[in-house]
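Residue numbering begins at 1 within each chain, and the chains themselves are lettered A, B, C and D in the order written.
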Amino acid sequence: MQIFVTGGTIDKVYNPQSGELQLNGTQIPAMLERARIGGVEIELETLMLKDSLDMQAQDRDLIAKACEQTQHQQVLITHGTDTMIDTAQRLAVLQSDKTIVLLGAMIPYRIAHSDALFNLGAAMASVQCLPAGVYISMSGRVFPWDQVVKDRTLVKFVDA
Amino acid sequence: MQIFVTGGTIDKVYNPQSGELQLNGTQIPAMLERARIGGVEIELETLMLKDSLDMQAQDRDLIAKACEQTQHQQVLITHGTDTMIDTAQRLAVLQSDKTIVLLGAMIPYRIAHSDALFNLGAAMASVQCLPAGVYISMSGRVFPWDQVVKDRTLVKFVDA
Amino acid sequence: MQIFVTGGTIDKVYNPQSGELQLNGTQIPAMLERARIGGVEIELETLMLKDSLDMQAQDRDLIAKACEQTQHQQVLITHGTDTMIDTAQRLAVLQSDKTIVLLGAMIPYRIAHSDALFNLGAAMASVQCLPAGVYISMSGRVFPWDQVVKDRTLVKFVDA
Amino acid sequence: MQIFVTGGTIDKVYNPQSGELQLNGTQIPAMLERARIGGVEIELETLMLKDSLDMQAQDRDLIAKACEQTQHQQVLITHGTDTMIDTAQRLAVLQSDKTIVLLGAMIPYRIAHSDALFNLGAAMASVQCLPAGVYISMSGRVFPWDQVVKDRTLVKFVDA
């Protein structure tokens, strides 16, 4: 299984010097250690560490290229929630025979009551169960990428 | 989706009077609230609160009956890890047309570095993705119930 | 004992709609419940919920007036760390016969590895042990208000 | 400042192999790192790792000897709550000119809603503020050792 890290809320941490949340690394290895993974080979690569509102077309091209080049058939991508669907749309153009699942979090992993660990578990199961395609795994659901919207009031992903 | 609670490590809490871990309720609603479930109707029922080493044949009969009677096609069961596979075997006898996924935790939800939230996410995705059958969702995997063992040294579920 | 809440990092919580940390209440009652206070009557009042960089002279006057008016001899004040010493200086003008201890946190209570609970414990002990005066209780120390500075690089309070 | 670790609930961790809480090290350095200690030299030594119900007279003699021999005037001792007062009584016999403060926790540091970090903060402030003597710092209070009891129903330390 390939995991690509691109940034987003899931990985934001508090900087006590500035008093701001920021991206300066990834929490995914810490989360995987907690998950006690049994018999899945995981290759993790950080492609970028961006707030998804700052992602440009070239960032999405880079993610798409990484998906094409990985040897793994199962691909997880951690991503900010605001433009996760835009990236999924770009990846759908690949018409890849791989199963690609995007996930993120509404509350950073390091903040109380985060959904990050739940979402990583859901995405990891989804990518192993589903046929080829591009999916969004959020809010306890696995959505085909073109059948989902982020409800910014409820702070949930729901059916489009 | 139906969730049946039966106890196990996932729900153990610390009793400061006795200094012991004990089962006296379920953490699943708190975990679901964190998960920000979007558009899944969940019916939760506590069937029992037992350490799975204390489960008898009649407990497994009761769980089997509950699986038969629920109106939902997707059934999650929280369960202690020590005899989770025994219960899965009992449920397989039903030859149900439902998708039944058992999950638990190696570290209680309320203790640091718990795998509980990850496992609930994985199980919830699995039960939505998989065809009818009885499965164990642990350690970042979804195993058909008869192809898995608990490795008590590694404290992981792995391929049988 | 009187506790006055004025805001600051200690009470900041994550708003998943905006993706920002904000002040919209106080975590102090939750922290006190964890502390299992034995035989101390505590009166808690929220005077304001401000980032301490936004505090004006009139805010400090309001805090000073509250310190004068409370019936309690022991006064704790939660406060942002950036101008905590400025407020302490304003309170020293009162030449009160009360023991007044200011505290805050470098990392919000609701974020991993917060110092908030430690600091509340230290301040609560300090206010019970010390003679009349105005003190800063941070970084595992209790400083007379005019013998301390915030080291913004180390993110600690140290001797002036 | 000297910190002596002796075990007790504060340091208990979950063993996922056995499903039991156990003592196999100390969480105090992790707690001190969170506390961002500013300008206090701390020497930490683990004397033993025992549930305080298992402590014998010889254990208390060992702790007393360590208090006598340390060069530091300020001594913190982490200890199980069940016999903390017994050890304090043994230490009072020393009639030491040092300030000795015992602390522990009702819920282990690694379990949700622990009082451990609060108690360590309170004890660390107490030992810096108080004159020579032997004290118990628990439940948001600092008690002279002979004026306190553990209320096992409320799970708090209160006035004797």
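Methods note: contacts are C-beta pairs under 8 Å (C-beta built on N, C-alpha and C of every residue); 3 or more make two chains touch, one makes a residue touch a chain.
Just so it is clear, the structure is predicted and the values come from calculations on it, not from any experiment.
Novice: Which chains are shared contacts of chain A and chain B?
Specialist: Chains in contact with chain A as well as chain B: not a single one.
Novice: With one step meaning two chains touch, work out the least steps from chain A to chain D.
Specialist: 2
Novice: If I average the CA coordinates per chain, which chain comes out farthest from chain C?
Specialist: Max centre-to-centre separation from chain C belongs to B.
Novice: Distance between chain B and chain D based on Cα centroids, please, to the nearest Å.
Specialist: So the centroids are 38 Å from each other.
Novice: Need the CA-centroid distance for the pair chain C / chain D, whole Å please.
Specialist: Computed from C-alpha means, the inter-chain centre distance equals 25 Å.
Novice: Taking each chain's centre as the mean of its CA atoms, how far is chain B from chain C in angstrom?
Specialist: So the centroids are 44 Å from each other.
Novice: At which residue positions does chain C touch at least two other chains?
Specialist: 106, 113, 155
Novice: So with touch defined the way it is at the top, what topology do the chains form here? Options are line, ring, star, complete, other.
Specialist: Here the contact pattern is a ring, one closed loop where every chain has two partners.
Novice: What pairs of chains are touching here?
Specialist: The list of touching pairs comes to A-B, A-C, B-D, C-D.
Novice: With touch defined as at the start, can you tell me which chain A residues reach chain B in the complex?
Specialist: It is residues 31-40, 106, 113-115, 117-126, 128-130, 137-142, 151, 154-159 of chain A that touch chain B.
Novice: Touching residues of chain C toward chain A in the complex: what are they?
Specialist: 9, 14, 16-17, 19, 21, 106-108, 110-113, 152-153, 155
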